[in-house]
Each structure stands twice: as C-alpha cells, then as structure tokens.
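Next up: some structures, all given as structure tokens.
In the two assemblies presented below, chain A is common to both, partnered first by chain B and then by chain C.
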Partner chain A sequence: MSLEALIPSAIDGLMLGFVYGLAAMGLTLIFGVMRVINLSHGPVIALGMFVVYTLFTGPLGVNPYLGIVAALVIGLAFGVVEYFVALDRVINAPELTTLLATFSVNLMIIGIATSVFTTTPRAVDVSLGSVGIGNVTVLGTHAVAVLVAIVVAAGLYGLLFRTRVGKSIRAVANNRAAAELMGIDSRRMLALAFGIGTSLAMVSGALLSTLFPFNPLSGTGYEVKSFVIVVLGGLGNPTGALLGGIVIGLLEGVTTVFIPVSWVPVLEYVIFILILLVRPAGLLGARA
Partner chain B sequence: MKRMRVPFLPAIVALLAVLAAFPILTNNPSMREELFLVFMLVTLASSINIIMGYTGYVSFGHIVFFGLGGYFAFYLMQIQGWHFIPSLIVAAIPSAVIAALIGFPILRLRGAYFALATVGINEAMRVVFNNWDLFGGAVGMFFNFSVYTQYGGAKAASELAYYTMTVVAIATITVSYLIKRSKFGLALMAIREDQDVAMIVGIRPSRPKIAAYVISAVFPAMAGATFFFKNGIIEPGHAFELLRSIESLVMVVLGGIGTVAGPIVGAAAYEWLRGFLITNPALANFQLFLAGLLLLVTVLFVSSGLVGWLRERFPVLRGYVP
Partner chain C sequence: MRPTRIVAIAIVGLVAAACGGTTTPQASGAPTAGGSAAPAVSKALNIGFTNSQTGAQQVASTKQTEGIKLWVDQVTKAGGIKLKDGTVLMPKVTFYDDGSATDRVQQLYTKLINDDKVDVLLSPYSSSLVKAAAVVSEQNGKVMITAGGADDATMEQGFTNIYQVYSPGSKYLTGAIDLMLKLDPSIKKVAIVNEKDSFSVSVVTAAKPYAESKGLQVVVNQGYDTGTTDFAPFINQIVAAAPDAIIGGGHLVDGTAFAKALKEKNVSARFVALLVAPPEPTFADIGDAANFTVGPSQWEIPVKYNEAAAKALNIPFYGITSDSFTSAYRAMFNSAPSYHSAGGFAAGLILQRALEDAGSTDPAKLRASLDKTDVMTFFGRTKFSTDAKTHGKQVAHDMVYIQWQKGSDGKLAAQVVWPTEAKTAEAQLRK
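Our next item is the complex of A and B:
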C-alpha cells in the first residue's frame, strides 16, 4: 500500500482516537474510583449528542461548540443525580448488582430518548473548512475535536492531581475506609467522580455529534469501544484510557488501508480478549 | 433435608407439560407462540443461572451460545440438508466444545474482568460471523420455504419447534435442579461464596467451573437451534444480540438469583410485563423506561428477587421452592 493513503488515514484515526479516549476516560475513572462498570455510559454519550443537537436546532441556535460546554455541565449534574438514585444504596454490593443498576438507567434513558427523538438519524451540520498540508487534508471539525479532547483531558488531570478535591477522589479510590478516617466524605467524592465520568462521556458524545450522524441508540457502539479501550489501557487508569483510545483510533485508521473495514472490529475484539487474558492490568498497569 | 423430599421437580415438570399442552388442545396458535417465547426465555435464564447464580460468574455475553447453536444447526439444515432434530443435537456439540475452550482461559478471570471478557467474546463472534461467507456473512442464511415440507408444512414445523422448545426448557430446569441438589452444585456454590476458601477446603475450582460453564452453554445452543429453525432466517445481529443477553440476566435477578424457581418466574414475569406494556397504547413508548424502573427498584430494594424474597419472608417455603 502506498504511503499517500496511509498517512491521511493514520491522522484521521489518530484524531478520532482522542475523542474515543475521552469517553473511555470517563468509564475508567468511574471503575477506578468505585469498581463499577457503568453500563449507562453509551446512552449518556448519546445524550451528549442530543444536548448539542437540541440547543443547535432550538430557537436560540446555540453554536455546537458552546453546546459542548452545556454538555459538560449537564453531564456533571446528571452523573451526580444518577449516582444518588441508582448507585449509592448498592455501592458495596457485588458487581452484578451495580452492573444491573446502571443497566436499568441505560434502559430508562434509551426508553425516553427513543420516544422523544425517535430513531431517525440526526446530524449537527457544522463546517469549519479544512486545512491542507501537502497532500494531507485535515477537516476543521476534526482538528477542533482533538483540541477540545486534549483540553478536557488536561483539565481532568489538573483536577485529579493539582487540587484538593482531586486528591480526595484519589484517596477514596485508593482506600475508601482510610479516606473516611482522614475526614473525607467518601459519598460526596464517589458522586463527584461519577459525575465527572458521566460528564466526560457527554462531552465525547457532543464532539462526536459534530463529526457523524447519530440517533439515541448510537451510544451503544461507542460504549463497547470504550470497554475495549479501557481494558487496553488498564481498567481504572485514565492515562491508559487516553492512550488506548489513540491506539484504537490509529488501528482503525491504518488497518482499513490493508484489510476490509468489516474485519477491523474482529481485530479489536481479539486484542481485547488477549489483553484480558495475558495482561489484565492493561498496557500501563491498573489504577492511576 | 427431609423436607426437601417434597417433589418440586415432578411438580414443576407436570405444570410446564400441562401448560405446554394447553394451546395445542384448545388450538390457540397465538398462545402457542407466546409460550414458545416464554419457554425459550426460561431456558436462557435457567442456564445463565447455573454459571451466574450458582457459580458467581456474571456471564454478560452468554447469548453467544444461543447464536452459535443457531448457526451450526442452521448450517446443517440449510447447507447439508439434515433433519431438524439431529441438527439440533449435533449443533450442541461444537457449542459445548467452544464453551470448554473459551471457559478454560476466561474462567481464571474474576469479577468485572470475566464479565467484560464474555462481552468481548460475544461481540467478536458476531463480527466473525458477519464476515464468514460459509455462514452467509452479514446477510445470514434463510430457508427456502420448501425446507418445511419434509416436516409436513410450515404449521407442523412450527409445532415441532414448539414441542422441542418445551422439552429443552424442561431439560434445563431438571439439570438446574439436579445440580443444585448435588455435591457438584455444592462445590459451585462454595466457589461462588469464596473461591480461595473453597480451594482450602479441597475444591479444585477450575474443573467444576468449566463443567458449569459448558452445561450452561449447551441449553442456550439448543434453544438457539430451535428458535432459528422456526424463524427460518438467521443473521449475526439477531443471533448475537447483547441486549437479549442482558435481558436474561434481568429475568434471573427479577425471579431470584441462585434459586431453581427464580429464573422460571422471572422469565415468565418479564415476558408478561413486556407483552402488557407493548400492547398498551399509553405505555408502548415508555416500555423500556418502565422496564428499567422496575429493574432498578428490584436491584435496590428486593435484591434477592421475587422467589428469594418469598423464601425470606415465609421460611416454610424454603422446603418447597428450591
């Protein structure tokens, strides 16, 4: 295969990888802090898309990139509420219970979203032109998506490692009982962590809405992709998730040059299962 | 233990047999269709309960065996021209072998890692079949209508599928009951409670775990073979549908995890509820929302499920409802 075909698809994949990575960071943060696999992650990603869509097509015609800020805030609030409604009571129960609790939220979101928005494909029509460097053309929307993803990821880092709240969240993740003995209100930290994780999913969905068409069920595919990425990077490790996202994005971009598109997911799932079996701690080892 | 001699198994088998005969005797095809579905869900829920309820391994992508059984049987019937019954029996064998092969590595994983691995395996199978021309690729396979003539027409074939599903469901419940009453079942439950302690008291966990996984894979494979025989069409998205997998977990939890009767009650209740919600015009749109709400309430407040709750509330029942 020629290099001319390889470089643009690698760049395309790389950019998409940042957005995948953002959603996966939310999933892995939640798992790392409270050992919960959040099955409502996919519908929340879809909600992020519809936040942007609703604001954009509404009477105010809010700019999609302003909509992303709204998605961030709404995601945080939604996550905190979801934590207290669905998880607080069963946070110490075995996996199955929290899996089903978050799955019930998944059903509720999809139920409401499909009856409000139906399953007709939607799109947020936004164009920022494109930049050409040699024979590589980068769409403006993709470039901005990467930029936003990097800013949000950096923000998460600042929050987790440079603030007192972040320190508390990490303490709760590390040892809840010990954190409580140090005077940290662990319930509040768990709720906050869940809110942040949900917020990341919504922002990722908001960014995806500017790139691809979508409907309320679109989140599920991204959720499964997030699982793959999270395992690749190490369950509970946000840096790993971002890296895993980039790896998967690159993989998707590069392999399509060599093999039919429909075989790419086979490769992804094979990697997923192999990592689980051979190196369950992921590429970067577990936990932040 | 004496009180356990109350014959739960003959009672439930007789009940199901009578129930199964009812639509045939009254010549009620729509009721027959509904019971076909209920028996299928009972099979799925009861078999998932063996690995999840007894052994404590949350097999999230368990529907993979339903799809595999369906595909293998369909291949034998469509491409090789076999009769349905031998196809069903033969299709269960590769499904069991695959379960053993994947069970061996993934059952070493614990908790969330196992659950995620099973999702990965189901999705991987779906995309593999999506690309595999031998099994029809993304389009899948479908019967010519003439296939049903050797069974005496589509109606007779449909009835044959119905009887088969009834037998499969009864077999699943019987096996589930026998496991619960056996030493093998005790080993599984010891592993569920604490695998490390189980090892200390002399249980080698790998063998019973794999056996439980294989057993819990065989019945969904048969159910899949029967379902897709009746359906006449099989395609990857429908055969390896993750949502159906999760639905069977929900049924187990609604009915009562780790009990023999729970999955039966849960499957029947779930299907009844769904039928009720879909046919009610005011609620049809909110069907999924209400299903989610019900699940959440169950998970938060009645975590042992309907049968489990009854057993706790009325201890005398424990002798009758395992």
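Our next item is the complex of A and C:
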C-alpha cells in the first residue's frame, strides 16, 4: 500500500470514469425511455472503436478525433435502424422479449465483427503528450476524452431539456399514450431515443479506442461495467449514470492503492449487489 | 438430404476451409540426398498443430508457423526425411486456427488425432495453449514437440510424450537480473508487474526469489489479468515506489501497451526488462517507448551456434546454419525471422533428427530417440530432461537478451546484449 499513489490513481480513475459514465448514459437513456435492457450495448461500444480505427488506418487517415464525430453520426443512424429492425415490432411485448431481441443483435454484431476484424488486438496510435505535476502525470489523450465526454453529456442534457424533440422524448418516456394524444409520434421518438443511446455508446467506444488496445470483444467488459453504473446512478437516469461512472472510475483508481488490482471487479460487484439490496433506486433515484 | 442439412454441411465445409490449412509438399521430382535413386518406400508423415490466425497470440503464432512452413519446404526440397530402412517420409502438415483460445486448442488437437490421424504433433504458440494441447497429446499417446511454450509447470507434470524446445520460463528473467546487476551494481529496488497467465507466473516465481537472493528489494509485486489494457493503476504504484528497475510483462499486446504506458507516464526506472514483446520486430512501432527496453529471447539472428560451438561441448551439430536459416526465411516471407520463427523451424529439425535416429514414426521409438537427444542446431543446444517428474523439459538451451537502442541514425534497432560472445552492442541503462 502506498499513499503516494493515491492522488495519481484517483485522478486517472476519475478521468476514466467520465468515459464510463458516457457509455452508461446511453444504456440508461434507452431503458428510461422505452424500458428496453439493451444487450447490444457492448458490441456497439466496440463498433465505435472500429469506426475510429477503420477511418484512421484507411486511405484517408482520418484524425481519430474526427473519427469520434463520425462515430456519433454512425451510431445515431445505426441505432435508428436497429430499433426498426429488431425492436419496433416487439416494443410493447414483455421486457424479456426486447432483451432477447437486443441479445440477438449482440450476437450478430460480434459474429460479423470477429469475421471481418478477427479478434486480433488493434490500437489507434495517437499521442497528445502529457502534463506532469509532482508524481501526477495527466495524459493528453485522457484529458481530451474527459472534455469530449463532458461536451457530449452536456449536449445530451441540452437536447433532452432545451429542445422540443427532447421534450417529446421525455413525454414518451413518462406516458407514451398521453404523448400520442398530444400529437407526438411516439414511434419516431422511440427510434430517436434508441439512436441517441446507441450513439453515446459508440462515442464512448471511440474515445476508449484512443486510450487502450481493443478487439471486437472489448465492449463486453464495458457493457457489464455500464450495468453496474446504471444501477448505481439510478435506472433510467442519465445524470445518475454520469455520476455513477465517475464514482466507479474513482473507486477503481483509489482501491488499487489498497488492494490488488484483480480484486477491483469483485468490489464493484459487491457494491452492485449492495445497491440493489439497500437502495435499488440508485444514488439519484430512477427517472427518465 | 434436407436442404437445411446441406446448407449446414456447406457452412461447416466453408468454415473448415477458411480456418484450416494443409501443406502437402510435392514429392514428385524432389531431389534426394546424394542424388541416389528413388527410395523403395515413400510415406506421408502427417504432422498436425494449431496456430493462432486470430486473437491475442496472432503475431507470434504466425511467425512460429512460418518457421514450420520453411522447415517443411526445406525437407521437401531435400527429398524428404530418410530413414535407415530406406523409407522416405514426406511431411504433410495439417493446421487449424485456434483463435488463441484454450478450448479450441483441445477440440482441434482431438480432431487432429482422431479425424486427421496425424503421426506426430507440433505445438500451438503460447504456454496456455501448449498446456491445453499437451493434455490431449498425452492422453492419446502422441509425441508432441513444443515450440511456443516455455511454462515450467506444463513440463513438471510427468508427461511422457511432450518435449520442450524452448528454454523454460524460469530462465527468462533470472538472466536479465544478472545483466542488470552487471550493468549497474547499485540497483537495489525492483518492481515486478506481470501477466497472471501460467507462463508469466512461472517466470516470476523463479525471478522474484532470485532477485531477493541477489540482495534486491521487491518494492512492487503485482499481477494483471490477461487482456489488461489499462496499466495506469500499476504504473502509479511503480511511480510511488520509485524502483530502480522494472521487470515483468507477459505477451506481445500487453507488454507493448505496458512499455508504452511507462514512457507516457515518464517512469524513470534505470532498467526495464519485459517478457516476449521486445524481441518481436513490431515492438519498435511504439517508437521512443521501446528504447532501452530489454527482452529475453530464445534466439536472435546475430547469435551463431555452429559446428565449432558444438564441438567444444562434444555434441553433434545438426541442420542448417543461422545465416542459411535467416536468408531462406527472408526469401520465403520477405521479413526478418523472430525467435518464434526460429523456434518453429527448430521444432521441425528436432523432430526430423529424432525420426532419422528412431527409423520409425512409432511413438515408443520416437520417445526413446528424443530422450537421448543432446544436439546443437542453429537455435542452440537441445537436451530433454529424462527425470520422471520433469520428463521432456528443456535443460540445455540458453537464453539471449536483446535491448532496443537508437543508433546514430536515430533509428531503433534490437541489439543482442547477452551473452557477451554474441553481443552486437553494449547494454545500456535507460536515460
């Protein structure tokens, strides 16, 4: 145990927590609006990584940070298509049906991605230098990831709470029948919400691709982490998800100073179970 | 037959065609040694193995497979393996993609033995996969020469059919510690951060007490899960403990990411030695982060094991020279061989010599021949333990240490820094 490592570990964990939070926001938005547990979340995160990788290593050599913008747009379109292909016809069925529908999409994405890209690890070689103060070294790539995560999260907040479309999405989330009576096309709003949630997952994957090596199966770990974060922050609550992500990131960073790194996931799942038992609504309570 | 069944069979066939490979040399017209007449009997020697065409071990495994392919090519061009009774064995290699997964290895080695009816097995790459294959080979009484597995534990289970060409993992970092202390005797604190797979653990299990026996203090001793990509938690601990040296790592992907992270976080240790990753040419892709990193290697191009070296040890030399291997490899694959490539070729050579000596593919005769093997090839000395508990474990091969250094032209190059008789540059401390 070394307390000298506490501050740098906490800062590293905190910074990563923003990216975790962004991924979890996508998952919780979809659940909050349409009560769908999206099991295609992990593979979509991995797809975001490969969007950046493919553009970066392709003939155009697109800058990874422009690739993140591409991931945002592709994610939105992918989510809307996924909604109409896999969910639209079963959206009113029991939750198990939509869960299985998204699980099917999960398997399809993983199957296609592993065939195309194989499971060989890839990396996007990007470096933005670092800033060092004492024994704390902040990497440029991590700092930019935090900034992008904050901008995207703020954009989501603005969209949901400052625009007519956002108001419509929230209305559909609160009471779909009443929203339809007010003239809102709920089907379109559900598709849009699913697209936004998918887009957030893809952007988080795109950001992670600038930090760590990855392969088509890399999204699974982040998906599981997203579920822990979503429960911690409050099911269906995007702000809670961002906060939950930061808490989990911080926890990961700080606990590694006191316990072996291998034990961190165990601790995370203990917290997951405790939250479900003691405060099932999460830190901020469940709401859309 | 139902259409669905036809489709299913077609898919299975396509998958098998995509994943597998068979190299059948053209026997006809191949010259025979000494220009003698055509042999009385020509038989196929069915050799099976899996490789990692996908997954984490893809790079090193591909190199190993290339080494095996080169050996097959050379044997074929030489007219096959000639046995004492005049029989000529023409190698036919069957291999499948294991995806770097142990469960696939076990399925595929079972298939190689039961369906493909191979005579003898070579190993996949990486200790975890070798361990999985070894269990199947042993259960079925098939001789397997392992090239890509250095794990001690696999070779300490009393197996009777498994023979290890590589130096065992316990020798990987102990030599690096000797090199480090020779370079800078004032080094006192060392951090050990390693992958928690069987190979890396066996390396560290030997290296840690060795370091302590040399008076070093182990200030960080942490393992990371296979597939780890975020090394920040470990590096923060390393920075806080301020070690003089860092040793550990695991395989190519994690080792490369670890070295890159050490540079990004400006870790100032004077000596860094990592497993497996540094000897691979692709390690240089991380640029300055590779500079001064030391890596244990099973073989490097400048190391010349030759007839004179064999004579000095009073053992025979077998096969081609290091220069011949390197030039043939470059001609065939248009790239430099790594130690994984050399290991693949050497496994073939050892098998070839044992077959010639045994005069048969019979497993019992082959085992008897391998048990008494004590030979030098371009890869180094090969001798197997005949002790019941450690049977087949490599006991004579020596490690080589490389260090990435920037030349006067600013380009990174892997220099051999140990053993001294083969060194191409002096080892240096990190700056």
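Keep this in mind: the second predicted complex is superposed on the first by the 283 of 288 C-alpha atoms of A that agree within 3 Å, B and C clash if a C-alpha of one lies under 4 Å from a C-alpha of the other, contacts with A are read in each partner's own complex, and residues count from 1 in each chain.
Keep this in mind: contacts are C-beta pairs under 8 Å (C-beta built on N, C-alpha and C of every residue); 3 or more make two chains touch, one makes a residue touch a chain.
Just so it is clear, the model here is predicted, and its values are computed rather than measured.
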{"item": "Chain A residues touched - chain C or chain B, whichever exceeds", "value": "B"}
{"item": "First (chain B), second (chain C), both or neither touched by A:I273", "value": "first"}
{"item": "A:F161 touches, of chain B and chain C: first, second, both or neither?", "value": "neither"}
{"item": "First, second, both or neither for A:S262, with chain B first and chain C second", "value": "both"}
{"item": "Contacts of A:A86 with chain B and chain C, given as first, second, both or neither", "value": "first"}
{"item": "Contacts of A:L99 with chain B and chain C, given as first, second, both or neither", "value": "first"}
{"item": "Chain C-contacting residues of chain A that also contact chain B", "value": "114, 260, 262"}
{"item": "Contact set on chain A toward chain C in their complex", "value": "2-5, 8-9, 12, 16, 114, 118-121, 123, 125, 127, 130, 132, 135, 137, 139, 211-214, 218, 252-253, 256-257, 260-262"}
{"item": "Chain C residues within the chain A interface of the complex", "value": "53-56, 58-59, 99-100, 196, 222-225, 229-230, 232-234, 236-237, 239-241, 253, 257, 264-266, 285"}
{"item": "Chain B partner contacts - residues on chain A that touch it in the complex", "value": "31, 35, 37, 39, 85-86, 89-90, 93-97, 99-101, 103-108, 110-112, 114-115, 224, 227-228, 231, 235, 260, 262-263, 265-266, 269-270, 272-273, 276-277, 280"}
{"item": "Residues of chain B touching chain A in the complex", "value": "52, 56, 58, 60, 105-106, 109, 111-113, 115-117, 119-121, 123-124, 127-128, 130-131, 138, 242, 246, 249-250, 253, 257, 285-293, 295-296, 299-300, 303"}
